[in-house]
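After this come two complexes, each holding subunit A, first together with subunit B and then together with subunit C.
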Partner chain A sequence: MELTEQITDQYVIIGITGRLDTTNYMALEKKLMDLIESHHDKILVDCLNMDYISSSGLRILLMALKKITLVKGRFVLCGLQENIHEIFEISGFTSIFEIHPSREDALKLI
Partner chain B sequence: MIIFYLYREKLKSIVLHFRFPRLTFLRGLAFRYSLFFLIAILMILFFPLVVGYGTSAALLFIKAQKEATILTDQTVAQFENVIQPIELVPKILVQAMENPAISYAEILRIARDFVSHDTVVFGTCLAFEPYFHDEENYWYAPYTCERTGNLHSRILGGPSYDYFKMDWYRLPKLLNRPVWTEPYFDAGGGDTLMCTFSTPVYRKLDGKRIFTGVLTMDVSLTGFARIVKKVNIFKTGYGILVSGQGKIIASPKATPGDQTIVDLAKAGGGKSTQRAIREMMAGNSGFTSMDGLDAKKFPSFLSYAPVAKTGWSFGIIFPEEELYEDMYSFLKIMSWMFGISIFILLVTTVLLTRRMTRPIVRLVEATRKIGQGNFNAPLPVRKSRDEVAQLTNAFGVMQDELRNYIQNLEETTTAKEKIESELKVAHNIQMGMLPRGFSTPENWDLFATLDPAKAVGGDLYDFFYLDADHLCIAIGDVAGKGVPASLFMMVTRTLLRAKTVSGTPINLVMESINRELCHDNPSQMFVTFFAGIVDLKTGEMEFCNAGHNYPYILGTAEKIHQLKVRNGLPLGIFDTAEYTSGRFKFIPGEIIVLTTDGITEALNQANDFFGEAKLAASLTSLANKNSKALTELLIGELKRFSSGAEQADDITILALQYKDAANRPPESGQTVRLTLLNQVTELEKIVGKIEELSGDWKIPSKAVMEITLVLEELFTNVVFYAFDDQETHYITVEINLLDDHTLQLRLEDDGKPFNLLEQEMGDVFEQTIDERQVGGLGIHFVKEMMKNVEYQRSGNNNVVILTKNF
Partner chain C sequence: MAYYIHYTDPNSEDMLRDLEQVPRCPGICFFMDINKSTDIKYQGGLKDWGRKLNNTFNNLLYANHFQYHVVKGIGDEMMLFIPEEVLQKKSSNNTCFALLEDIYAALFLIKNHPDQDLYLNCKVAIHYCTEAHNITFFEGADDYYGSDIDLTARLMSKSVENRIVLSEKFYVKVVNDLISMGLPIDTGCLSQVSERFIENFKGVPVSTAFRVIEVQ
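What follows is the complex of A and B.
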C-alpha cells in the first residue's frame, strides 16, 4: 500500500493506493494520527486507487472519524470502488461516514 | 457440741475452696504444704482432745452418779424419818392392846394425841371386828381427824361405809402385818393425797391371840411432797416418789393422780425409760440412763432407791446434758480457741510457703517467656544460696545456651531457605525456557520431556522453526549436575538459537557454538550435543552429533536401529575442533528418538543399570505409538524399573515422527493446501495463492476480493486470539474448487475452542484497535459474504468450512 498526501491550509487529502489490510494499516494509522494531532481537522481520504480494505483498515478510518468529530472537524471519504463500497455497506459504515463519489464533490462540501 | 466442732472443720474447708478464686493456688505448693501441715497438726491436737474429752466425761459421770446416789439416799432417809414414828406409835399401841386390861378408850386417847402432835398424821381410826366392840354395832370405827387445828371425831361404819371390804382393813387382817395402803385422794374431806398405815390389832382372849380390828393412821402425803420438792440436783434434776404400784405420790413434774409412773413411762418414754422404771418399781436401787419421762425425749439419768416399809420407790431424774454441761461449755471455748489458732496457723503457713514459692513462681514466669521465644527474659535475682537460687542459676545458663543455639539455627535456616528458594527460581527459569508448543505441520508429530534429578539439571532439549518448512531439533547433556551444569546448558541453548539460521550448515553452527563455549570456560565444562535441521517438506534431516549418544530410529521395516554417526567431539573441549554433518532421510512412518544417558544409566534398588538393551527393547514395543504416548510410556517403564531408588541423572527424551504419507488425502488439481505459521506476515501467502487461483479457476474479481477478505479476517483472528502461549503453531488453509461456480474454503488451527457462529457482532462502532474483542466485524463479513458457514471442533482443532458461489 502507498499513501499520498496533499496538504493545504484548508484541508488535507490522503490518497490510498493498493491494499489496506492487517499487515500494513499501521502506516495509515500513524499518518492520520499525526495529522489530527497537528490540528488538521479537515481530512479527505481518496480511495480511488484502494483495491482492498479489511476490518483492520475500517477500524483505522473509524478511529480517525471519531477523533476528528471530537474536535469538530471533518473527515470525508471519496472515490470508493464498487467492491469497496459494498464492504462499507455490509459493515454499516455507509451510515456513519460521509462518502462522495468524486473528489471535487467532496472538496466542495468539506 | 462435738458435732458443731466437727462441722467447723468442714466449713473451713468449704470456705477455702470457694473463697479463693485462683484455682492455681489450690494446686500450688503453698496451699498443699499448708494443708498437709494443717492436717498433721489437726491430727496431733485432735487426739489428746478426744482422749481428754472421753476421760472428763467419764469422771463427770462418776461424780454425778455419786452425787445422785447420795441425794437419793438422803431423801429416802428423810422419808424414813417421817415414816418411822408413824409406824412406831401404832406398833406400841397395838402391842398394848393385846393386853385385855387396856381399854380401847385409853388407846384412842393416845392415838388422838399423837394425831394432834404429829404434822404428817392427821387422822386415826380404830376399827373393830363385827360386833366386837358391842353387840349392837356391826360396824364400829371411832375416827378422829385433825382439821384446821381442831380435832373432829366421829364413828365410822355403816352400810354405806362397809370398812370390812376396804383395803385398809382387809389387807392387814389378811397379811397379819401392818400395811401401807396405796395413796388416794381423801374423799371425805380435804382432797389431799393421803395414804393409810393400818396395823392389825389382836387381843389375847382365852389364851388365844385373836384379830380384833385395825388401827389406822391417815398420813398426809403433802409433807412428802414438800420433801420431794426440795430435792434439787444440777439444773433441772428432780425427784419423784411413787407408791408400790407406781402411783405418783409426789413430783414437781407431774400432778399426783391416777396416772402411774409406768403409764407415763409408756406414754412419754422409750424402751430405756420403761426398763429403768421397771427396775425402780422392782424395789431395787441403782443408777441408770434413760430417755426422758415426759413426752420430750432427751437423755437423762435416773438414780433410784426403795423406801423401806412403805413399798414406795424414790427416783431422781436429771438430764444427761446438764451433767456434761460444764464440760460442753469448756469444749466450746476450747474449740473456738482451737479453730482460731488453726486459722492463724493456716494463714501463717500459707504466707510462709508462698514466700518460699514466690521465687519459683517468678522462675516459672521467666521460663514461660523463654518458651515463647524471648531469650532475654530476666531471671529473678536470688541473694541466697538455697536450692531455688541454684535452680535459677542453672536456668540462666540454659537460657544463654538456648539463645545462642536458636540464633545459629535461625541464621543457618535463613541461609538454607534462601538457597532453596533461589534454586526453586532457577528451576522455574530453566523449565520455563524449554519449548512446549509441540505444534507441527500435520504430517509431523513432535513431543519432548525433561525430568531433572536435582532442582536444576544439566540436560537440555530444544526445538524451533527456522521458517515454515524447517524445524531444528536438539538434545544435549552437560558433564555435571546442579547449578553450574544448568548455567552452562542455558548458554549452549542460547548460542544454538542465535547461531542457527536458515542456510547455514549445521556443522558450521556447531563449530561456532563450540568456539564460544571454549572461549570463557574456566571450569572446563563440556557438553555432548546433537542438533538436526529437518526439512518438513522433504523429510530430510541434516544433523551434527557432537559426542552425544546415538539416536534411535524406529522404522517400519527394520523396526529399530541407531543413527550411528559421530560428527565430532563434545562442545567446549577444543576451540579449534572441527565438525562434520550427517544426512538422514525420514521414511514415512519413521520416528527419531533423541535421549540422554540418564535413561541408560538409571539405577534400580539392586544397583543394576537400565542399559542400552532394555532401552532398545522398550522402544521396539512402543514403535506404533505417537510421539507423546511413546515418551510418556517410556518414562513410565523407567520409573517402574527404578522404583524406590533415587534418580541419579536427568532424564530427557525428544521424539519426532514423519507420519505415513498414506494418511494424507492426496492433493488433487482442484485442491490447494497452504500450511502457514501463526504470524500475520503469512497473510501474503494467502493473497498470493488466491491471486494465482483466480486465473486458473476463473474467479471474478469481486469474489476474489471477498474470498481474500474472509480468509484474512479468519486467519488474523486465529493469529491474534487463538493461542495463549508464545509458541509456533500451524494453521492450514485448504481451498477446494467444488465446481465451476463453487469454492470451498477450509481453515484448521489447533488453538482455543472458538465457534465463530456463536459470536454476536456487538457494537462495531465501539470497537477500537486497542480493544481485545474477537474480531466481530470480520466475522460479520464472513457471514455476509459466504453462502455457507460451518464450524466443527475436531479433536484439539477448530475447523471452519465456508462455501462461496461465484
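What follows is the complex of A and C.
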C-alpha cells in the first residue's frame, strides 16, 4: 500500500493505493491519528486506487470517523471501486460515511 | 476435498486401512458465535432475527474472505477451518497474526457501529490444530475431525460477547509471526491480551492453556 498526502486550504486529502490490510493498516492509522491530533478536522480519503480492504483497514476508517465526529469535523471518502463499495455496504459503512464518486465530486460538494 | 468414509460392512478391514492412511491436516480452527440471537428470535420474529443474522454473518465473513473457510454452521454459530498450507499460500495476510487481527477487527466493527440495530455482537474461540483430519462421513460434505477440533469447541465455553479466546498454541504461533516480522509482541490487538489461564476441559485428558482478548 502507498499513501499520499495533499494539503489544501480546506482539506487534507489522503490517497490510498493498493491493498489495505493487516500488513500495513498501522501506517494509515498513524497518518490519520497524527492529522487529527494536529487539529486537521477535515479529511478526504481518496480510495480510487485502493483495490482491497480487510476488516483491519475498515477498523481504522471507523476509528478516524469517530474521532473527527467528536470534534465536529468532516471525514469524507471518495472513489470506491465496486468491490470496495460492496464491502463498505456489508459493513454498514455506506450509511455512516459521506461517500462521493470521485475526488472532483467530493471537492465540489464539500 | 475431504476423505469420504463410507463402508456398509461395520467390520470392514478396508475402512480401517483407509482411516489409517488419512493424513493429519494442521491448521487454524475457529468458532464464531452470534450472541443473543435466540432471544431475538422469540422477541422480534423471523424478519428481525433473520435480518440481523444475515448482516452479522456477512460482516464477519466477506471483507476477510472467510466465507471460503466455513466448514459448517449450526444456527447462529459457525465453524471455520483454514489449513496451514492454504494460509501460507495466500499472497498477503498469510499469518496467524493477520488472521487474529482481522477477526478482532470484524468484532470491533460490529461492536462499534453507530447503528446498533443492524448487527449482533459475537464471540470467538481460536486454536492451532495439529490433531485434525479432513474427513467426512456424509457424501459431498466437507468436515474436519480430531481432538484439536473438539478442544476449539471446548474453548468456546470460555468466550463471552466481544471476547476472543485463543489457545496458547495459537498465541505462540501469533507471537512467532510477530518476531519473524520484527514487530513487538504487543502489536495490534495483542496489546490487550490477557495473562495465561489454565483449565481442565471435559473430555480433554490434559490441562489447556489459553488467553483472552476483550474487543474494545
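In this text, the second predicted complex is superposed on the first by the 110 of 110 C-alpha atoms of A that agree within 3 Å, B and C clash if a C-alpha of one lies under 4 Å from a C-alpha of the other, contacts with A are read in each partner's own complex, and residues count from 1 in each chain.
The definition used in the following text is that a residue touches a chain if its C-beta (ideal position, glycine included) is under 8 Å from a C-beta of that chain, and two chains touch if they have at least 3 such contacts.
These numbers were taken from a predicted model, which means no experiment stands behind them.
Residue contacts after overlaying the shared chain place A:C47 against neither subunit B nor subunit C. Of the two partner chains, subunit B and subunit C are each touched by A:S56. In the superposition on chain A, A:T22 makes contact with both subunit B and subunit C. When the two complexes are overlaid on their common chain A, residue A:V12 makes contact with neither subunit B nor subunit C.
In the superposition on chain A, contact of A:N83 is made with subunit B only, not with subunit C.
Annotation: subunit A residues 19, 21-23, 54-56, 58-59, 62, 86-87, 90-92, 96 touch subunit B in one complex and subunit C in the other.
Those residues of subunit A lying in contact with subunit C across their complex are 19, 21-23, 25-26, 53-56, 58-59, 62, 66, 86-87, 90-92, 95-96. Only residues 680-681, 683-684, 687, 701-702, 705, 708-709, 712-713, 716, 764-765, 767-769, 775, 777-778, 780-781, 784-785 of subunit B touch subunit A when the two sit together in their complex. Touching subunit A in their complex are the following residues of subunit C: 55, 58-59, 62-64, 92-93, 97-98, 101-106, 108-109, 112-115, 118-119, 188.
Interface residues of subunit A, counted against subunit B in their complex, comprise 19, 21-23, 29, 51-52, 54-56, 58-60, 62-63, 82-83, 86-87, 90-92, 96.
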